[in-house]
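In this document, chain identifiers A, B, C, D, E and F correspond to the written order of the chains, with residue numbering beginning at 1 in each.
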Amino acid sequence: MQKIEAIIRPDKLSVVKAALEDLAHGGMTLTEVRGHGVQRGVTEQWRGRTFAVEYLTKIKVEMVVKDADVDLVIQRIVEAARTGEVGDGKIFVSNVARAIRIRTGEQDDSAL
Amino acid sequence: MKKARSLSLAALIGGGLALLTVGVASAQTPDEIQASLDDLTAALDTMWLIVAATLVLFMQAGFALVEAGFVRSKNVTNILMKNVLDACFGAMVYFAVGFGLAYGAAEAATGFYGSGSFFMSGNTDYATFFFQFVFAATAATIVSGAMAERTKFSAYIVYTVFITGLIYPIVTHWIWDGNGFLTAFRDDPMNGVGVVDFAGSTVVHSVGGWAALVGAIMVGARKGRFVNGQVNAFPGHSLPLGVLGVFILWVGWYGFNAGSTLGMSGGLAEIAARVAVTTTLAAGAGGATAMLLSWIQHGKSDLSLTLNGILGGLVAITAGTATLEPWAAIVAGVVAGFIIVYGVALLDTLKIDDPVGAVPVHLLNGIWGTLAVGLLSSEALMDNAYGVTSTWGILLGGGTDLFVTQLVGIAATAVWVVLASGILFGIIKATIGLRVSEAEEDAGLDVYEHGMEAYPEFTGGRDPFATLSGTGR
Amino acid sequence: MKKARSLSLAALIGGGLALLTVGVASAQTPDEIQASLDDLTAALDTMWLIVAATLVLFMQAGFALVEAGFVRSKNVTNILMKNVLDACFGAMVYFAVGFGLAYGAAEAATGFYGSGSFFMSGNTDYATFFFQFVFAATAATIVSGAMAERTKFSAYIVYTVFITGLIYPIVTHWIWDGNGFLTAFRDDPMNGVGVVDFAGSTVVHSVGGWAALVGAIMVGARKGRFVNGQVNAFPGHSLPLGVLGVFILWVGWYGFNAGSTLGMSGGLAEIAARVAVTTTLAAGAGGATAMLLSWIQHGKSDLSLTLNGILGGLVAITAGTATLEPWAAIVAGVVAGFIIVYGVALLDTLKIDDPVGAVPVHLLNGIWGTLAVGLLSSEALMDNAYGVTSTWGILLGGGTDLFVTQLVGIAATAVWVVLASGILFGIIKATIGLRVSEAEEDAGLDVYEHGMEAYPEFTGGRDPFATLSGTGR
Amino acid sequence: MKKARSLSLAALIGGGLALLTVGVASAQTPDEIQASLDDLTAALDTMWLIVAATLVLFMQAGFALVEAGFVRSKNVTNILMKNVLDACFGAMVYFAVGFGLAYGAAEAATGFYGSGSFFMSGNTDYATFFFQFVFAATAATIVSGAMAERTKFSAYIVYTVFITGLIYPIVTHWIWDGNGFLTAFRDDPMNGVGVVDFAGSTVVHSVGGWAALVGAIMVGARKGRFVNGQVNAFPGHSLPLGVLGVFILWVGWYGFNAGSTLGMSGGLAEIAARVAVTTTLAAGAGGATAMLLSWIQHGKSDLSLTLNGILGGLVAITAGTATLEPWAAIVAGVVAGFIIVYGVALLDTLKIDDPVGAVPVHLLNGIWGTLAVGLLSSEALMDNAYGVTSTWGILLGGGTDLFVTQLVGIAATAVWVVLASGILFGIIKATIGLRVSEAEEDAGLDVYEHGMEAYPEFTGGRDPFATLSGTGR
Amino acid sequence: MQKIEAIIRPDKLSVVKAALEDLAHGGMTLTEVRGHGVQRGVTEQWRGRTFAVEYLTKIKVEMVVKDADVDLVIQRIVEAARTGEVGDGKIFVSNVARAIRIRTGEQDDSAL
Amino acid sequence: MQKIEAIIRPDKLSVVKAALEDLAHGGMTLTEVRGHGVQRGVTEQWRGRTFAVEYLTKIKVEMVVKDADVDLVIQRIVEAARTGEVGDGKIFVSNVARAIRIRTGEQDDSAL
């Protein structure tokens, strides 16, 4: 099993989700994060003084999927989340040793 | 005359230049002068009632904010809904039956309940109705705070209707209606004085407070609050809401207390001004005392208790606001501060769960305020406000008549409200049920009862998931 | 005399002991008595206007909170800014031209527009100006809610100036100025009665409502709201703000409605008191009805609709608050509740996106309230408030004159406001543009238009990133 | 008579049908008529004082919200606590000594301080006390904003007591008491006019502002605010709180300014109405100007500066609200807007850290407002409000007498408040300490000083950790 | 060392924490997340229109533990967090290469 | 590639960020978390009753970096985030199998 962590634009979440809907994936977990990369922040002001907000809100989508599904999921996410502008985000893939479904105690692939 | 009035209306609205005095004809004969004086007097007193009632209605917002700020965010929509509906249903119910039970003066009326004026039939004293309604709404609103975070919404609707329509009006009749068996306004008041409750420490706050206590006991404590002999704190989710609510209540209290002169003419203005001062001093003393006590106890000053302390001081001065001298108002407020700090702790010991402190604020201080009249009222002010010269505060040498009468008022109210609300909550419990399910309590009443979160966005401050949460069905 | 007044001022301020009565000389001759009576009458009526106007100004805060609470957090700074500027620019513009167009009584004035009193020149009736200004600010503020979350800030500034300075004052002149061609205050009112709109269901709320409708249509729906025939809900970000806003509006409405007596003397106090009661009952009925309907429809009671229902009830009673009996006020409120629930759904069906419900609240209920006068006004109260005995509510047997006149008033207002605001929004669209870019709409107007988030901290509640966000340039 | 009054009370409360006029006996003799007139006049003026004072007290909520909204969430409980206690302690202290120092008229009183009326002894003018107290509370509350986010809570308690009890009352005595050496209400005022400060640009706002400036300097800037010559912005955590606070202040300002007529009879109503209009126009002009300036400077309109601009305009009109024509009020407001935008920047340059802008709003505009009287007061209105015909605004040809007197008033106030508050803060610093530790400042004052977070839930909007955070000890 | 990531119901957090109390585990890190799995969301409404909230709030508990402790920790979490209803959550286990305690610079097992 | 996860004090974030500024690192992702370790919570009160807040706010900094950069990054973070008091936090390092830049589709090291 692999964990796919995609850091995407908040407003792309619904598109990404739709793109993954038909896959038989078991679930996903979302976290609100703040990111900093090539993309720089916006300028805001407070009582006449401007300042840079250097971290922008992003959504981290985490999905643990079967090894066989990794490529397809990545491809779908890339297609759905891309705008071509800086700030589109990144995908990181790492190995997962075990998975357990708390409700049933099922393990690994059948737990996803 | 009516034509004239409508013309004057036209003139006032239409001609930007028209002087405001055109409404008054050139009265010169003694009779005309008298008519003008009567009109001005009525206008002035009515205006005061309307302004004061508007301030009291604003207190609904204050209660809503204090209660919302003091509960957890998962139950905020629910407590807001209840406060909103207290006003909405309250208006209907008090119009239909409540006002008549309180002040109806038909033949059927006795010293125990009024009759007549239902649906305002045959009664055109709208200013009085408006002023009395806002007090009724206040009494009803006290209960929702004590029963917050676990009471069924349908149960709430039933009990609020009965409190506004039946339980509260009866006590009003007893103590404030000229026919009431306990009132100071009868020709032959009890012990020559009757119960002195100027603006409602007993009539409004204790009534709400007793019902709140009975309700809090019958619905039981929130899950997880008292576990294995340990008392867990459930901090309220927003102190700014709580503080704003308390300030709004404080401001509204000038309508509540000073407005209870019911007029400004005939020397009442002087009483109203003094009432404003005693109200201010008691509020300040209550807040300062609770703050200092909490600081001494825990080494840190506690804003939540300070807020309760201010409200406690306000409730405590409500009965005696016209008959206590300023120094006595400060005494009343200081004692109120103690009552808050120890009263909150006492409820914890008794395992009674009152999320917002309605019982210490409204019940305990409502009782204390009513007793304070019997202890601290000055001779001169009892005469000035009630025309009573035979008895005044026991501690100032005024004998026991007043104090004993106050005790009777407290006791009568306690018996009636505890019985009536006990039966009411008992019936509700046996039929539609009083309490939500455990699952609902865990998840919060907002989603289960109303399908609506108070802050539906992820962080309360920015919503990356907004585009999703709105997928329609 | 002036010296005397200043001395009395000094005495009042300086001497804590000075009695408040020193301002009045010892008037004994009939003329002096008359002068005192006139002074008191003017003082009383002016005071009422000032107090009522202050309450109405407070409604600006109510609108700001309701609109802020009902939008998503990324657009909160923007909607707050608009509400703040409605009051700021409104004051300038109404002072410069609006008041003159509404009530100017110079030769050039006609039944269709006023003239004179621009910049208050030659007019010292400041109480009237103050009272009329706060109504103008209300009309302007209605529009921003319906166009929230996607309208350019510069476009907003242009339209708000024109609504306060031109579109609203014209209708005021028609219906409220003594010269207006539709007014009830002419010597020869249309159909012997003129349009009866006591506090502005049509003059204020429908005007704002029509402009809101035209604006909402012309700016288009928010991105993602209507997709593939599906209607997506965008829940407002904070219900406590919404509830507080509604309570503030409810409280302010007593200034709005009862204050529209424009005085207290000459029997007006009685009208003001009745107005306060009908206002209360309609608000309660509107809220209760919307709540129950939503409960029936979805099995869960909807606080957002309940809030809209209260406001709908208030708008619906605004025209007839002085001529409807209490029971009729409840009828008006109940119908208002239905209008809210079905009106909100209707707009969705028509794919008109009105984030806060300005159209159902202000336009639909503004129309309903104006019609309700023609249907339900009682004979006695039409006489009492307007001195009209020839016609009253159609359902009470008062004939068609009143009802038809109300229809004419509604239609005339519709034609003018739709045309004028249509042209206004059209020109804005063609020049500076009406709508922000898609990118701006996605990210929120707060950052793009104002460089300022409403809740700049990460979680809205605690900011671990605070030290960073403040790196200066 | 007293019996009659109490009977009328009974009648009013008891009999729903009783007419409101029963309080007035059938006065027919000239003396009785005169008595009725005197009673009505006193009632009317007292009512105005009570209503106005209630509005001013509401400003405490406004200050609390603006200050809370403009600081970071980790210090919100602390700033709320301070605002709550300003009112609580203020009431005690002003009752005990402040009022006597300001208006006490005992033999010992001089032109420099009052004496007598301590604890209201021998003084029953409660309306005046109530009105004066709410002004005192306002002055005290200004300081907490400028010293927010780093001042020790115990230090705060000490300074607020001294400002309310000593520093503020002295200036009040000088300028508003009939004996004060600078007052316009003496028989022989300085330069034939005395300092003209109708509602307190200097007496209230500059006093608070000077103390705020001294305090902000002596406590030092917040950690991280000025680093290596760079100025870091610390955005406030909630703009909705800030906006609501400003609206509440704006509304309360009608009590503050118009209420400063201290009555309605004897032609004062006319002044009050004009005051309401100039107040409105200056507020609007201040807000609009600050908004436009910020837009020009940064390309984006800045809501935080707009809010400061409105408050600046209100402070600037406070002194001259009765003697400036409406156009001049707009000028005062526009200048106030400039002062806000450049004043805020100036403080940054001077490395003085004032989190909420108290110095530009209250001090700079307090000075400007006092000078504006000397520059722009009209001849007619100086006569109308003060009975002075010898001097008026310098720019309108009224000579230098008024302007010079205003300068003296400003200077005397500056010297006294800077000295007194400098000594006060110096002693506090040397004894209990003025500033919290660095660790406390980092973590926020809420947890360290009060053990209470303003938004204790994780996200401010929903609390998955709630079950944990409440584990009792 | 292994990282145990458990996604659980918010109201089970206190139970899970209590269940782990007696283990000599060094610490844990919690994140509020939104999850989507077999469990579907709740229906909410806004001004008369209902909608599905498809992501539900969950708590992610992260603990890095010695290899030897992994099984016990998992077992405890499963027991404590289970209700048997859908939505109980999942546990994912993955390998951690290094651990450093910032305060002392201690490394790996002794840093936990 | 390795993922470096550092759990640090919120007020150390700006220092940590500054310490990493000159490295050619590609980006970082931040999450607000609540942590529980050797450090115990603070005591708060509510209406006269005190309670322990057992979880304290921390920031989790995630950076995926080239293998060669790992040591330097860790060293910099440790130096910047250390105060020597309990609660300074921990750093965990784990392996990342793949990285993809959504905007360009670049993979692995060049995607960082």
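Note that in this section a contact is a pair of C-beta atoms (placed from the backbone, for glycine too) under 8 Å apart; a residue touches a chain by one contact, two chains touch by 3 or more.
The shown structure was predicted, so the numbers you read here are calculated from the model rather than taken from an experiment.
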Shared interface numbering between chain D and chain C [over half = same, under half = different]: different
Which of B-F and E-F has more C-beta pairs touching across its chains: E-F
Contact-pair overlap exceeding half with D-F, pair selected from C-E, A-C or B-F: A-C
Between chain A and chain E, centroid-to-centroid distance (C-alpha), Å: 18
Cα-centroid distance, chain A relative to chain D, in whole angstrom: 52
Whole-Å gap between the CA centroids of chain B and chain E: 47
For chain A, residues contacting two or more additional chains: 11, 30-32, 34, 44-46, 49-51, 55, 94-95
Residues of chain D touching at least two other chains: 33, 37, 40, 42, 44, 46-47, 49, 51, 125, 127, 129, 231-236, 238, 244, 298, 300, 302, 304, 450-462, 465, 467-472
Complex contact set, residues of chain F against chain A: 3, 26-31, 64, 94-103, 105, 111
Residues of chain E touching chain C in the complex: 44-51
Chain E contact footprint on chain F (complex, rising order): 2, 6-8, 31-38, 55, 58, 60, 74, 77-78, 81-95
Touching residues on chain B, where the partner in the complex is chain E: 442-443, 447, 450-453, 456, 458, 465, 468-473
Complex contact set, residues of chain F against chain D: 11, 34, 42-46, 49-55
